[in-house]
Amino acid sequence: MSDTPLLDVRAISKRFGGITAIDDLSISLFKGDILGLVGPNGAGKTAFVNCVTGFYTLSGGAIHFDGRDISALPLHQRGRLGLARTFQNIRLFRRMTVAENVACALRDHADRPLRSLFRFGGDAGFVRAARDLLERVRLADKADQLAGSLPYGEARRLEIARALATRPKLLLLDEPTAGMNEEETQELLADLRRNADLIPSMIVIEHDIKFIRDVSTRVVAMDYGRKIAEGSAAEVFAHPQVVEAYLGAGDADV
Amino acid sequence: MIAEQIVNGVVLGSMYALVALGFTLVFGVLDKLNFALSELFMLGGFVVIASVGLGAPLWLAGILVLVVCGLLGLVVEFVSFRKFTSADAQVTAALSSLAVGLIMIDLVQKTWGGEPVSVPVPIEWRRANVAFFGMQIQVMKIVILAVTLVLMGVLHWLISRTAMGRNIRAVAESPTFATLLGIDVKRVNQQTFFIASALAGAGGLMFSLRNGIASSDIGFTFGLKALAIMAIGGMGDLRGAVLGGILVGVIESLAIQFGFGKLGEIIVWALMILVLLARPGGLFGAAHTTEQRA
Amino acid sequence: MFDRRQLLASTAALAVAGHAPLALAADKPPIKVGSILAMTGIGAVYGILYNAALKMAVDDVNAAGGVNGSKLELLQEDDQLQPSQSVLCFRKLAGMGAVVELGPLTGTSWETVAPIANAMKMPALCFTASKAGISAPPYALRIAPPDDTAIPEGVAEFMKLHPNVKKIAIAGDAQEASGAAGMELFAKMAKELGLEVVATASYQTRTSDFSPDAIKIRGANPDAIFISSLGPTSLPLVKELEVQGFDKPILLNSLVWAGAGFIHAVGTAGKNVYTIGFSTNDVDPANPKYNDYVKRFIERTKTTTNLPQPVNVCNTTLPYDTVFLVADIMRKAGIDGTTPADKARELIRAGLDGLKAYQGINKITLRDTGDGHIKCHLLKANAQTKQWEYALAPDQRIKTPAAFKARG
Amino acid sequence: MSQDLLFLTGVNILMAWSVYIILLSGSLSFANGGFMALGAYAAGVLTVKWGMNFYAALALAGIGTGLVGALLAYPALRTRGVYLILVTVGLSFIIQTLIQNTDYVGGVRGMTGMMGTTNWHVWGLIAIVGVGLFWLSRSHLQRQLDAVREDERVAASLGIDVVYLKVVCFAVGAGLAAIAGGLYSHYMVFINPDHFNIFVSIYVVLYVVLGGVNNFIGPVIGASVMTLLPELVRGLQSYRPLIFGVVIIVLLLVRPNGLLSFRLRTLGAHKEGGA
C-alpha cells in the first residue's frame, strides 16, 4: 500500500542570490508519519517548509505529493491538494474574528469562490463546521473576538484550527511551541493528540527535543541546508554530527 | 541635432533625478510616497521669486530655496506622516501629503495668480551659449548639470559617510532594528524629509532658472513622472533614481525630435510598466520578490 | 432697509455714468443674470478679469436705470475650469431663476454646456472660447470671434508685415482641443498661402521641458513659427527659443492675448512675438466709448482685483458688451423682474434669433454658426509696457473682412 | 439639492464602489478614471455611432471594459503595493492619451450626442449594486476576500485562488467604473478626454479612503461628503480649494480609517456559531 510516499522531496535546493538555504535535500514521508525536523537556527528548516508549501520556488530538484509533481504548482493549488501549515511567527487574519479565520479556510463548492454568492440557504453549514473546529482547539467561547486580540497560546491554536479547516493530508507545523512555557506546550501536545483524526500526517519543526520525542515517528536533522541525520528520535539525537551541529551553534535547547 | 537632444535629455534627466531622489529617500526610510514633494518642486521657483522680490541676491535665493523647502518638508512630515506609521497607512499618508500639495498650489495661486510668473534671472545668463562639437549648448544647462552633480555628490557623502547617513540607512533597513540600536527614528524621519524636500526644491529652482518662469501647475505631473522614474530605477535606490531620471530625460528628448511628441506622458509610464513587468524591483534595485517576505 | 454697500455702489456707478435717472424702482424684483467663470484654480486669473468686466457692465446698466425698471442681478458661479462643474453651475443658475447665462470660459466647457442650454431652453452666451464650430444655436451663441476667422485675419496681417516668410514651423498644445484645432487652422493657412511647413512640434499642457521642441524647431530653420495653445502654455517655448538664440518672428493664436500671464512674464523674449486680437489699451480716436471703457476698467481692476498691473483690456470688452446686448434685448422685449423666467428666456432667445449685428464697444456680427465675428488684427507684445499693441498702423491694417457667412 | 448634484453624487458613489470592489481583494486602483473613460466612450460610440439601445450599450461597455480590465489585471497584478499604485496611475495616463489620439472618437476634440441618462438610472443602479454588495458582505466569498486582503500569501496557502479573485475583482470594478462612465457621458451629452484626467482616479480613491475601506457604506459616505462639500462651502468663494485640502487632512488625521471604519462580520454574533 504505502510504497509510494505521500511526500517525496527529491534533491531540492533553494538559493537566494549567493546564499544557499537548502542544498540537495531529499526527504520522503509516508501517510501516517509524523516527521520531526530539527537543526540549529538557519539550518534551512523553515525554508524547507516554504519550499514544500509553495512559498518559495525551487532552485533545483522536485517535490512530489500524493503521487503528483507539485514542484511548479502555485500556493493555492498545493493548499487544495492537502498541504497546510502554520508559521513560526503566527500569521492570523488579525482583523477578522476567530470564527471567520477558521471559516474562510473551509472548502466550498469545489473551490469556486464565486459560487458561494449563489448560496441562498445561509451560512449554517459554515457556522457549524467552524464551531466544531474551534471546540476542538478549545476556542469556541472566543469565536466572535478579533483574532488579533488573542493571547499567544490561543493564537497558535487558532492557526492550527485554521490549517485543519482545509482538511489537510499533511500538516506542517513551524515551531508550534516557540515562546510557550512547559504547561502550554503540554496542552498543545494534548490538542494535537486529541485531533489526531484530522491530522493524517505531519511535519513538525521544533527546538524542544522533548516535544519532538513525544510526537514524532521519525526525525530528520538538518544543518547548512543539508540532511545530516535521519531515523528514530533516539538515533538522531545521538548522532555525532547532530550533537556537534547543536553545540557548534551554541543552542541552549539541547 | 540628435547629440544636442541627448545633452538636453541628460540635463532634464538630472532635474527629474533630484525629485526622484527625494521620493526614493522618503520611500526608502518610510516605505511611503510623499506626494507633497511634487509641489515643493513647484514652490522652488516661487521661493526664488519671493526672495529676489524681497531684495535677496540670486545666490542667497538659491540657499533660501533649500532651507524653505526643507522646512516645509518638516511640516509635511508632521502633518501627513508622523501619525501614519503602520504599513497599512501607506495610502492614507500618500493622500494626506497630496492634500498638503493641493493647499500649497492654492496658496501660490492666491499669491501669484494661476498663470506663470517671470523668474528674475538676467536674460544674458540664460542666453549664454557655447558651441561644442557643432552643438549649441546653453551655459545654464551646464551650470544646472554641475549643481545637480554637486548636490548628488553631497547627498552621496551625507548618506554614505556621515553618522546621519548611517542612521538613515539603518532606519531604511529596518526601523525596529534601528530603534533597538538606540537610533531616534523620528529624528531620522525629519532629517530625511528635510533632505528630500530640499532636493525637490533645488530641482524646482533649476527648472525655473532654466525656463525663466515658475508656474503653479507644473509640479503635479512632473512629480508623478519622478515617481515613475523612481520605480524604473528601483524604489529606495539612489543610484537608480539618478540613472532612471537621465534615461527618461534622454528618451523624452529624442521622442520629441523624432516626432513622437504627441505621445507625451505615455512614454514614461509605458516604460515604467514594461520595466516593472520585466524586473519587478526596477532596473537597478534589488529584485524585491515576494519570496523574501514570505 | 437700504443696504449701505449697495448705496455706495450705485452712487459710484451714477457718478461714473454721468447722469442720474431716479427711476430705480426698488419695489420691482431684479432680473437675474447668471455667469459661470473659473474663480479659483488655474483659470482664476481669467475669471477674475472677466468677472470685473461683467460687474462693471451690470453696475453701468443699473446706474442707467436698469431694464424696464428692474435692476440686473449678477449670479456668479465658479466652475474651476472643469466641464462637469460647468454643467452643475449651469443648471444651478437655471434653478436660481437666471434668465440668461454668460460664460463659461473654455471651449471644452462651452462645448459641454451648449447642448444642455438647448435642451433646457436656456439662452447662453459665451464670450471667450475660441475653438471653431462648437456653438449650438438657437439657445447657445458665442459673441467671441472663433479661430476660423481670427487666425486667417491675423495671418494675413502677419504676412503683410513679414512678406519674406517662406518656411514656417507649427507648434502647439496637441492634447487640448483649442490648441489642436488652432494647429490645424495654421496648417490650412500655410497650405493656402504656399508656405512650407518645415517642422511640427506637439507638446502638452503640462510638458516639463520645451528644449527638445525648441531644438527641433531651430534645427529645421524656419522663417517664422506659428504656435497654438491655451493661455500661457506657449510661454516656456517662446522663452526657450529666445534662450537658444532663435531670432525669427513668432505668431501665437488669439488665446494667448487675453491672459495676463503671458505678457507680464514674457520679458525680452517678447520682441519677436505677435498674436491675434481686436483690442488693446491704445486710445482709439474713432471710438470714445472704447477709450472711456479702457480708462475705467483699468482704474476699477486696480482697486477691486489683485491682477498684475497694467491690466490688458483685451477682450474684456466682450463680457461688457454682452451684458448690454442682453439688456437691450430684454428692454425691447419688455422683460422685467416680474416676467416669469421661462417666458423671459423664450423672449431672449427670440431676440437673439433676430440678432444680426450689435454695436457696443466692439462691432459684433453674428454668423450662421452661432458665433460672433469681430475684425481681428495682428498684435505685438511690448515687453517694456507689458501691453499688447497693434503691429500695423491703422492705415496699414487689412480691412477686408474674412470670408464668412453672416446671418440673414 | 439640484438634479445635477444628485447625479454627480450618484456617479461618484458608483465610482467609489468600483474602487472599493477592487480593494476588496487588496489592490488599490488609480486606473478607474481611465476605465470610466473607456466606458463613457464605448457606450457613446455604441449609441451615437452604431445606434444601439442605451441599456444594451451600457451593458456592453461594462462587460467590454471588464474584460479589458481582466486582461490588464494579469500583468498589473504581478506588481503590488506602491508599484501597483504606480502601474494603475500609468494605465490612467495611457488610456487618456490613447483616446486623445483616436480620431474615431474625436480625439482631443471630444465626442457629443450622447443622451438619455436620468437620475433614476443612476440611483437605480446604486440600489442594485448596493444590494449586491450587502449580499456579498454576508457571504463566504467576502470572508475569503477579507483573508486575501489581510495576508494574501497565507490566504493562498489555505487554498484560496488569490490571483483569480484579484482578477475578478479588478474586472468587476473596471466594469462598474465603465458603466458609471456610460451613465456620465449620456448625461453630459459632450465628453472629451480631459473629463477623465488623473485627478478623477485620485479623487475616487480619496472618497473610499475618507469614507472607510472596511465596509461598503464607507465609500458612499466618502463620495457624498466630498461631492457635496464644495457645494456647501460655495459661499466661501475663493477659499474653497483651501478648505477642501484642509478638510481632507483633518479627516485623515482624526479618522485615519475613514468616517465609517467598522467592518461588517461575515459570521454574526447573533448566529448560532457565536457563543
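When the chains are written out, they are named A, B, C and D in that same order, and each has its own residue count from 1.
Just so we're on the same page, a residue touches a chain if its C-beta (ideal position, glycine included) is under 8 Å from a C-beta of that chain, and two chains touch if they have at least 3 such contacts.
No experiment lies behind these values; they were computed from the predicted model shown.
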Practice item. Tell me, please, which chain's centre (mean of its C-alpha atoms) is farthest from the centre of subunit A? Key: C
Check your understanding: Does B-C or C-D have more contacting C-beta pairs?
Key -> B-C
Check your understanding: With chain centres defined as C-alpha means, what is the inter-centre distance between subunit C and subunit D in Å?
Key -> 37
Check your understanding: Roughly how far is subunit A from subunit B, going centre to centre by Cα mean, in whole Å?
Key -> 47
Point to revise | Inter-chain centre distance, subunit A versus subunit C - centres from mean C-alpha coordinates, in Å | key: 74
Practice item. Send over the residues of subunit D in touch with two or more other chains. Key: 97, 153, 238, 241
**Study point:** subunit B, residues touching no fewer than two other chains
**Key:** 106, 262, 264-265, 294
Practice item. For subunit A, write out the residues touching at least two other chains, lowest number first. Key: 55
Review point. Mind pulling up the subunit D residues that touch subunit B in the complex?
Key: 28, 75-76, 78-83, 85-87, 89-91, 93-94, 96-98, 101, 153, 198, 202, 205-206, 209, 238, 241-242, 244-246, 248-249, 252-253, 256
Practice item. Going by the contact rule at the top, pick out the subunit B residues touching subunit C in the complex. Key: 1, 4-5, 8-9, 11-12, 16, 106, 109, 113-118, 123, 126-127, 129, 136, 138, 140, 207, 211-213, 215-218, 220-222, 225, 249, 252-257, 259, 261-262, 264-265
Check your understanding: Which part of subunit C faces subunit B closely enough to touch in the complex?
Key -> 40-45, 174-175, 200-204, 206-213, 215-216, 219, 231-232, 235-236, 239-240, 242-245, 259-262, 264-269, 306-308
Practice item. Please name which positions on subunit A make contact with subunit D in the complex. Key: 53-55, 74-76, 78-80, 83-85, 87, 91, 93-97, 99-101, 103-108, 111, 113-114, 116-117, 119, 123-124, 126-128, 130-131, 140-141, 143-144, 162-163, 165-166
Check your understanding: Given the complex with subunit D, which residues does subunit C contribute to the contact?
Key -> 39-41, 44, 77-78, 80, 83-84, 87-88, 91-92, 95, 108, 111-112, 114-116, 119, 174-177, 179-181
